[in-house]
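Each structure below appears as structure tokens.
Paired with subunit B in one complex and with subunit C in the other, subunit A is shared by the two complexes that follow.
After this line comes the complex of A and B, so read on.
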């Protein structure tokens, strides 16, 4: 298949090239070069300070071997998986959909108030939000303890993963809610009406009428929030990966190793592994989306 | 679009990596394309801008130091220069974060050839910064005349080492410190312990802790552990205990690996935790050290191991981070004892660890001569006296120390009794990695691992960090 045979815009090869060149240059400068550079750094013993900062040595695949053998890395990978599944795939999707579904029929004012509150959680700066949550979960006079009468429970220390999963669900639900609200608007009311007349319960309506209409939205939503959550650094602001690595998701692990520990080479190798995982997740969802068509 | 040189790409990549990872954007942008400055650059300039940075901030961490820059150093220096016909604009970049975060920020600044002209740094970072080429000897940055500064003769060699690496001087030292055990006399009285308490062994500390435990709502003992406190775990926890167990972390060309001394230290931690004498949360929380300070100031900690910084800057009733109004009457201090009498390094009964920081010139400064002038001013007796403004601190200068220390019983104790029995960390670039391995070992103990497991993992980590089993002792 040649380019000209599908030249619907009638630009011709030359002008088409001219059109995409700036974009390709930007992609090269800000995506391809950094990625290649990360691969290169990942094969050195480059450090933030010391002799290896001035004269990094090529170490081949040592960093990758070290990562695969590093129990901290495997622990971190597992925690990231839990974090994505718990807070994005389940937490944000379910909460976002539930909100979008229930808010359809409520008075405009209630809907406005609820949507604003959920949106606020999403748009407030991370540092402020982290401060609020640290105060909320604190073992020393924290709000949650006051509500539950569990004086002295330090949630971030005793349940670090559960804390950051609930936190991220709260933080990110707005996106799913907005996307599902729009998607639900596209479900023909007549079909829902017919289903109801035929005696379908809420679950049957959701499964047989709503889901087929919004399947693409669900996949797009899951893809985006999985990737965002996978790369999310905010848990660091709550737990700094602790106590003793118990909530050290991959971005936090890389930060702790590369910048706090100064092992830039090792951190780059793990960044590259993360990049590959990102690509795999993206490809997986894109496949699913294609199958739909 | 602009063409990008290899160097530009590299810096930009670092910038992307740093900002995306660090979130708070650790300032890794390339501001100057020059590859270094000559000492005479801009020497005759009439309009000069200089920046000072340190891990201090008004109303927060090390507030007295931040106020000193803003209220004394900057106005006085500007006035002095004005009299010479030079317009200087000096700005202070504050920070109020953990030392490790500050170190990372400064390292990224220097890596991208940016950052403040004068930086306050911990002496233990000098080796790794110098090896990385981030810092250059003073004579390289400001010229050979720096050796004729009047202050050098006032600063003892041990203190000068805080700003040196491999016999080269990189900055002007700011002073030194010593570590002691602080205790709350009120709680001691309640527990039936003496107001002039001086433990002779680790067992004495445990015994006192057991008595303090009987008072409800009190954390009997706080000896730092865990990774969240960073170097504070090493300096105010592992290392003073280690010298009390008879071993320095580095001696005779070998680092301590999975040795008996290391296992003794970890066993002591384990006992404290198993007996409920040490609050786990303080060791694990991201802000645990600050929480422990606040608890001590509120009279809820019995015994706490810290440097004189704690007395001066943390529980200082006037401008401390966690001011304690009753400090002078309620807080006692004691030597850190060796494991048993005579078991410390060199057969000593009492031990301590010391360190200290200094002020350093950024090799990328646009105004090396003016920056050096400002540095000398910061190290002058007048400026140091202004920083103390009536209070006391062990400064770098003997002429100042002779006058100020006698007025403060606590600091004379540190300078006269503690400094003679103290030890210093090895000034080697790899030290911070060993230190992190020590922190991890204590974190393992806090999270419930056995001494054997923690010591074994530590030994392996040290071997990896220092590059081989032949540089590690393991018996």
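After this line comes the complex of A and C, so read on.
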């Protein structure tokens, strides 16, 4: 008998290729080509209008040098870091875990209502929730001002970063909550009870029993929500990056530069930098996950 | 070390499900006590309520002189070994055993020394650096016991301590647990659904049904004189023979047989009232082809080999089935006519409500 484990279905190389080719073509057309095209554009002075739109020139790494020297870019990078740390790594993780932990013991009805509300924030279209938040934070008769008796405070103008961090925490917590709910369901109750019998309080139970069990889930969750938040464009719908670049995270910065400013070449270069940062974050977590095993 | 006193304890779950129903129980200091019953009888709930993992709806629990009814599990000074042992998979054996001490803020050196000492007593010395995942079921159980022993609790609670072991190991663990309990002399309550485990290990057994205790006694009392038909049915590795009968003028009649006198345990003759009864005797306490005042003639239907003995089932002419345990090699062939005679003094008579009649 010959070993046929590499071709368990018995298709043969040619037919197997035939089945895979359409998918590969689609991936190439819609993912690989645009990505490579972006890398190329990033090395030109391509613009939306003017001479360079008709006849872009190859400028090598000039765009990258310009980016590193651009205070707006460095500001934007810093704001993105704040946004990811504040709303994803801290905000969504803590809020999601707190919700999942608290909802374990409550009656089914309460749990259902809370979960539905949190999920709604996640599944509603960005344009709708952005409109709701603009109304909520508005300085002119906004709900938050009515609640806090702080008439006239325009939160989006006075505290733009805090506003989008709170907004994104609210918007994205559902994912962490669902993931942690599932993870907590897999922690053996008898281990928690053993810890309780030994006299362990909530903190000691979390540290000694829960966390060791869900460490992998915490990493996966942090990886996913960091990447999503890093690439998230919805802050634009609240503040458009303003006032005066004060909440201009990288995706918003690229949009403003490339489409408002018309600097398509420069925007492409920064897009490529973002892609590299995404890859670095992903590799970092994958390495951490692998070390655990 | 302490006794456990339970007064009028009830546990009602949401949706009006009563798991424990006004239960009274005292477990003597240093005794090995079994809570025995079918699944859903409330035995595990009772154990968890003693541990504090479930809150009592009503009633009180005292451990020694302390009222622990409203204390948290950690303040009761009890230790519990769970059915799945509940070891922490990411901690070494040493850290697992020392965990309760760590929570009590005992220093690292002292903790490790105490864990080593406890582990040595249970034959775990060579395994102290391993993780629970690298241990066999029996070893894991000993680690769980060591963790329970390390903080010297007043009371040990064991939930189905033998159910996760394979059949061979189960017998060894039974002997081991019994010896360990005797050596430590700590009040120990364990839950089991297996009557043979309870009979073998416990000093005292409480047989439970539907949140109540149906009988409380030593293993031999419970085996010899079940207080009611529920316990009679539940206890014993072969099912109790149960036949309808009646009391007539102080004599016992089964079917159309001659009424007999003084065959039952403690039976001395006339009872206050006549009426329908259930006559019960264990197959172990039945003899084949021996003379006696109460005998059942019938034809052997089946014989089951139990190893050193054989369980035969005979069908009587009035269509009842009677079982008897006979020594191996002496069993009658299926189809043979036999006479099954209960050993005098081992016949039990239950009234219409299923309670043991002790005239």
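Following the convention adopted for this analysis, the second predicted complex is superposed on the first by the 264 of 293 C-alpha atoms of A that agree within 3 Å, B and C clash if a C-alpha of one lies under 4 Å from a C-alpha of the other, contacts with A are read in each partner's own complex, and residues count from 1 in each chain.
In this section, contacts are C-beta pairs under 8 Å (C-beta built on N, C-alpha and C of every residue); 3 or more make two chains touch, one makes a residue touch a chain.
Everything quoted here is computed from the prediction, not taken from an experiment.
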item: Side-by-side fit of subunit B and subunit C on subunit A, or clash; value: fit
item: Touched subunit A residues, subunit B compared with subunit C; value: B
item: Which superposed partner A:212 touches (first subunit B, second subunit C, both, neither); value: second
item: Vertex subunit A; arms to subunit B and subunit C (CA centroids, nearest 10 degrees); value: 150
item: Subunit B versus subunit C as contact partner of A:286, first or second or both or neither; value: neither
item: First (subunit B), second (subunit C), both or neither touched by A:194; value: second
item: Touched partner set for A:68, first subunit B, second subunit C, both or neither; value: neither
item: First, second, both or neither for A:140, with subunit B first and subunit C second; value: first
item: Which of subunit B and subunit C A:204 touches, first, second, both or neither; value: second
item: Lowest C-alpha to C-alpha distance for subunit C against subunit B (Å); value: 43
item: Touching both subunit C and subunit B, counted on subunit A across the two superposed complexes; value: none
item: Residue numbers on subunit A that touch subunit C, as the complex places them; value: 188, 190-191, 193-200, 204, 208-209, 212
item: Residues of subunit A defined as touching subunit B within the complex; value: 22, 25, 29-30, 33-34, 37-38, 47-51, 53-54, 126-127, 139-140, 154, 156-157, 233-234, 236-240, 242-244, 246, 251, 254-255, 258-262, 268, 271
item: Residues on subunit B engaged by subunit A in the complex (per definition of touch); value: 1, 4, 9-10, 12-13, 16-18, 20-24, 26, 100-101, 104, 107-108, 111, 125, 127-129, 131-134, 226-228, 280-281, 284-286, 291, 429-430, 432-433, 436, 443-444, 446-447
item: Residues of subunit C touching subunit A in the complex; value: 51-53, 72-75, 78-80, 82-84, 86-90, 99-100, 103-104, 147, 151
